[in-house]
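Let me give you the structure first, and then I'll get to my questions.
Chain nomenclature is as follows: A, B, C and D, assigned in order of appearance, with residue numbering initiated at 1 for each chain independently.
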Amino acid sequence: MIVVMADKATETEIKRVLTKLENAGFQLHVSQGVERTIIGAIGDKTRLNDLSLEAMAGVEKVVPILQPYKLVSRAYMDNPTVVKVGDVEIGGDSIQIMAGPCAVESREQLLESAEIVRRAGATMLRGGAFKPRTSPYSFQGLEEEGLKLLAEAREKTGLRVVTEVMDTKTLDLVAEYADMLQIGARNMQNFFLLREVAKAGKPILLKRGPSNTIEEWLLAAEYILAEGNRDVVLCERGVRTFENYTRNTLDLTAVPVVKYLSHLPVIVDPSHAIGKWRFVEPMARAAVAAGADGLLIEVHPHPEEALCDGPQSLTPDNFFKLMQNLKAIAGVMNRQMGG
Amino acid sequence: MIVVMADKATETEIKRVLTKLENAGFQLHVSQGVERTIIGAIGDKTRLNDLSLEAMAGVEKVVPILQPYKLVSRAYMDNPTVVKVGDVEIGGDSIQIMAGPCAVESREQLLESAEIVRRAGATMLRGGAFKPRTSPYSFQGLEEEGLKLLAEAREKTGLRVVTEVMDTKTLDLVAEYADMLQIGARNMQNFFLLREVAKAGKPILLKRGPSNTIEEWLLAAEYILAEGNRDVVLCERGVRTFENYTRNTLDLTAVPVVKYLSHLPVIVDPSHAIGKWRFVEPMARAAVAAGADGLLIEVHPHPEEALCDGPQSLTPDNFFKLMQNLKAIAGVMNRQMGG
Amino acid sequence: MIVVMADKATETEIKRVLTKLENAGFQLHVSQGVERTIIGAIGDKTRLNDLSLEAMAGVEKVVPILQPYKLVSRAYMDNPTVVKVGDVEIGGDSIQIMAGPCAVESREQLLESAEIVRRAGATMLRGGAFKPRTSPYSFQGLEEEGLKLLAEAREKTGLRVVTEVMDTKTLDLVAEYADMLQIGARNMQNFFLLREVAKAGKPILLKRGPSNTIEEWLLAAEYILAEGNRDVVLCERGVRTFENYTRNTLDLTAVPVVKYLSHLPVIVDPSHAIGKWRFVEPMARAAVAAGADGLLIEVHPHPEEALCDGPQSLTPDNFFKLMQNLKAIAGVMNRQMGG
Amino acid sequence: MIVVMADKATETEIKRVLTKLENAGFQLHVSQGVERTIIGAIGDKTRLNDLSLEAMAGVEKVVPILQPYKLVSRAYMDNPTVVKVGDVEIGGDSIQIMAGPCAVESREQLLESAEIVRRAGATMLRGGAFKPRTSPYSFQGLEEEGLKLLAEAREKTGLRVVTEVMDTKTLDLVAEYADMLQIGARNMQNFFLLREVAKAGKPILLKRGPSNTIEEWLLAAEYILAEGNRDVVLCERGVRTFENYTRNTLDLTAVPVVKYLSHLPVIVDPSHAIGKWRFVEPMARAAVAAGADGLLIEVHPHPEEALCDGPQSLTPDNFFKLMQNLKAIAGVMNRQMGG
């Protein structure tokens, strides 16, 4: 890190900073400029936050130089990680499609959805049993009953199941039924939850928080890897911007950036990002062209009757068309569709 | 709500929308314009999200007209709510100052801090025992030991204690020691946590999420009131913007806006919003001038040794000066300092 | 538009609003709900801003229902507009690539760049003669000399030239040399400039402001069309977000959204949006997969010597590779590369 | 600045960077860490942007250390600048109020407004003759007629006049009538305009762009000072955020921050930031409590008939009350109201 001293910093103030850094085990380089003194400190970057250097007299600012994460970085592991959910490989040559309704609403709705997405070529089934809703008056999910229906749909279709864990209290319950545990966008920095879910021993789908930077997202993944669980798939699902025609702004550039900075696989959820089914297909194509390892797509047999996020759900017909179009793009990228 | 039909919507499509709304118990007004049909629907606004109207053929968009919250609104209760934490009244004539270190670090640090803030005129002690940290390598709090120290400080000083609950698993533990339960900014939309904390029967300090609108914040409070707990104090702590000289951008306009829309008290945390101690004092003054019912201020006996957020912590001397200046502003506002 | 009256609005207040709207020529529908009165007003939407309805006593809010633009909308003209710059057609079957250096720096640099991009298959040459720079101490462009070099490069290569107009004072000068006039992102809401450039009788490339919504962007285009110039190409170049690893966040969803709302062609500038050459290629692919009509790409014979935006410029080799890859994606989209 | 080399940077790559920096006159410090090489470069910070270092092979990133502006900084001039507009001193002990309608609409409206604000204690009159409007169909100002009316109002009341210059073409015209030239928020980075307005020899009111950082704002002021004009007053008018209940989010923290970083005076425009008159008064109080040198307030004799921004305009009565309340806050701040 670089410590920039104020232009009026005294000798004593500079010395106190140097002593503190030395005691913390940093190797130091001091540059005495005309205007001010600048201190370069090399050492354990992960300790930076605990030093409160900017609170010291004479310190103008502290500029971190290196990435604050380690286990998720390319520098730590150069080979791309392939995460296995049963026999579904995410991060390999194949593009994996996870599809299904926003929420599990009924046995009929879920089994019909599962059958449709399997036939269209998806390899995993999505569907929320616990739903985070902005309003307390909205449908909040079928809870355990929803989980049982997901398990039944897996039996019937062979699709692997990914579903959201919203709280440590219901973690064991969800982990009993799911093949992959999803951490939702609003929970990306719920550090308690990250640590507990990591310990459940299942692969994890980590959604990016809608106002979080890629660095913060990778640090959230670092929480999971630091608990010994390396099976993390990142999921870009839009960031909050001023644009209000779409729900969020899908940050597809995050795909090649994450692949450059990290060895973890990354998939894209255009449905939640956009909020309007009409634009899901072009953005699904674009995501694959940008290098995504997979997609999370909302499909509902009858979107206009959905209890949650109907406007962004594809009809079965539109999902079939989407899968056809993706195949062509995948071919250009020298990849094939999973399943 | 208003349903705007597409300009090419067919008669049949319009009828299907009308039927759905009627069945859902809405009273309807149809305006047949030259360009398009617009449907006004009056009824239970809280059911809007479950209708998936925008997924219906021929619907261009749905425009909600009324506020989606109810129990927290001025329309529901016109008199300002006064929340009592022991004998400390928040939302009344007095301005209450909650002060203390970011994190409980040691017995000495906490007791010294508590003594300082009490002498300067604060009525409540703040301090985190569980700390949400962006990096897994940062200090994460003393946990139960921290809670015990907070209780000891309360014994010694008479100050009421507010501290953060990060997870439903540790809720009972925190509730055993704290007088007021804080829900942190990152957990503002952790709806599970909101509901569980609501049931703990203690007053709640609900921080605004850094990327959340005032409406979303009030909806989060609605989750708590809907569980039967009315003792909610809102806390503005800065929103995320492009400005990077300060950590966040303190949205002081939220103070009069919240007071206009809701009956709940609102306080301000300039320390976290700004991240630099130097600007805490002018913004604390401004907060009181804007009508805030109190302040949450970080104070540390030795900021440069703090394990967390030292750069934004006031020294004891600066905190004493701040309290003097606030008194004068409070006077102009026809209020007095609590305690 | 919908006028929502406050729940305590009096009869007299409601009447004054109705009278004002009637006098302004609106057709009215009044809904007397249990809680409040809601007034639907149908008429000339473009007059809404001049009525100051929200300043009237008893008015809670005004909710606009229809799009505030007209000439740029699909409703006004359903067939896609094809803009011709010489013989280059933008918005038709072919994907047009405009490429070249950020700034014109010297005769050698520009002619070399032009030769490279022509050989690789671009149909238009980009290059700034006037440069908007955040700092007054940065290189500000070669001005008229730069324009002359652009004209010379056109002579030598046959490429059409697009370059930025920064001010009405230099408009005539730029229009003398350029085939297409670019309005830069920072000038998207420079309404004086929009009107004057519209009158110059040349096709216009209108960049989206980094913090502007799609609606504001279309309204800026409406300024140009309202002056009688229909040859407008929109250019998405990233919006400002919290993400700071990339310069801006490329909003590719804007491509299909603009094509749905408007008949105007839309191209994408991944170079400026991202700021790092490494991610330009995947995002160029993604842009074409999302349906873009063209791309604006920075290419420099020696990026490390560029006076402006070297880090985002492709080397000639990388640009050749990019063009090869785009051809494959274009094929999947049933389009061909222009030129 | 600090140049961080990639962990796989070769000796040759490092040498090329060092040579380039040496040739550009920088003094260098090289730190060879275990993981990577870091180069500190001390020299003319203003040349940084022209070096394209991040385009060089082996360079991971460049981290600027020092502020990129100079003439506007406290380091360059420690004493606060006092800007004189006639006999009105901005930045001294007195708090100056500039008030009046958003737009000049008619002789009667303007003279009535001027009379009201003068009687209430304002020292300057605001009012737009040229109006930047999002829609081409909104009222765009009375242009020269509006300027003449402003001059007439000055004659009659003695108030100094501040009004916006939107374009270099109309600069001379505006400068003929105005005492202070306003650069609007959307033009903050219209660098051509900044330079030309600087040369007009009048004091300048520079509004902050709604999506600009404080650093970018100070750089815009630097453009003006670099042309030899030191009479710049900065005006905070809200930044764009997700909050949509208010038009923008007033960033009052910018007031003490600007005063810490720069010697220039800073005033606040709560009317435009908020967009709702109801919250203007508390935020005007807060602005003075935060240390602002003045306020820009919209006042209209009949807000409900305003052609522009009626909803945010104070009635004469409310403006009188505001001025009374400000006096009390000013007293606490050891300042008096100007005039």
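Quick note on the criterion: a contact is a pair of C-beta atoms (placed from the backbone, for glycine too) under 8 Å apart; a residue touches a chain by one contact, two chains touch by 3 or more.
Bear in mind that the values here come from a model prediction, so they are computed numbers and not experimental data.
Path length between chain B and chain D in the touching-chain graph (shortest route): 1.
Between the chain pairs A-D and A-B, more C-beta pairs are in contact across A-B.
Farthest from chain C, judged by the mean position of CA atoms in each chain, is B. Note: centroid distance chain A to chain D, computed from Cα atoms, is 39 Å. Mean C-alpha position of chain A lies 31 Å from that of chain C.
Per-chain CA centroids place chain A at a distance of 26 Å from chain B. The multi-chain contact residues of chain D, meaning those touching 2 or more other chains, are 211, 240, 242, 244.
Residues 2, 4, 7, 27, 29, 31, 33-36, 38, 40, 42, 63, 65-66, 75, 240, 242, 244 of chain A touch chain D in their complex. By the touch criterion stated above, chain C contacts chain A in their complex at residues 211-215, 239, 241-246, 249-257, 260-261, 273-274, 278-279, 282-283, 285-291, 328-329, 331-332.
Contact residues of chain A toward chain B in the complex are 20, 46-47, 49-50, 52-57, 68-69, 130, 132-140, 166-170, 186-187, 189-193, 196, 210-211, 216, 219, 222-223, 226, 240, 276-277, 303-311, 313.
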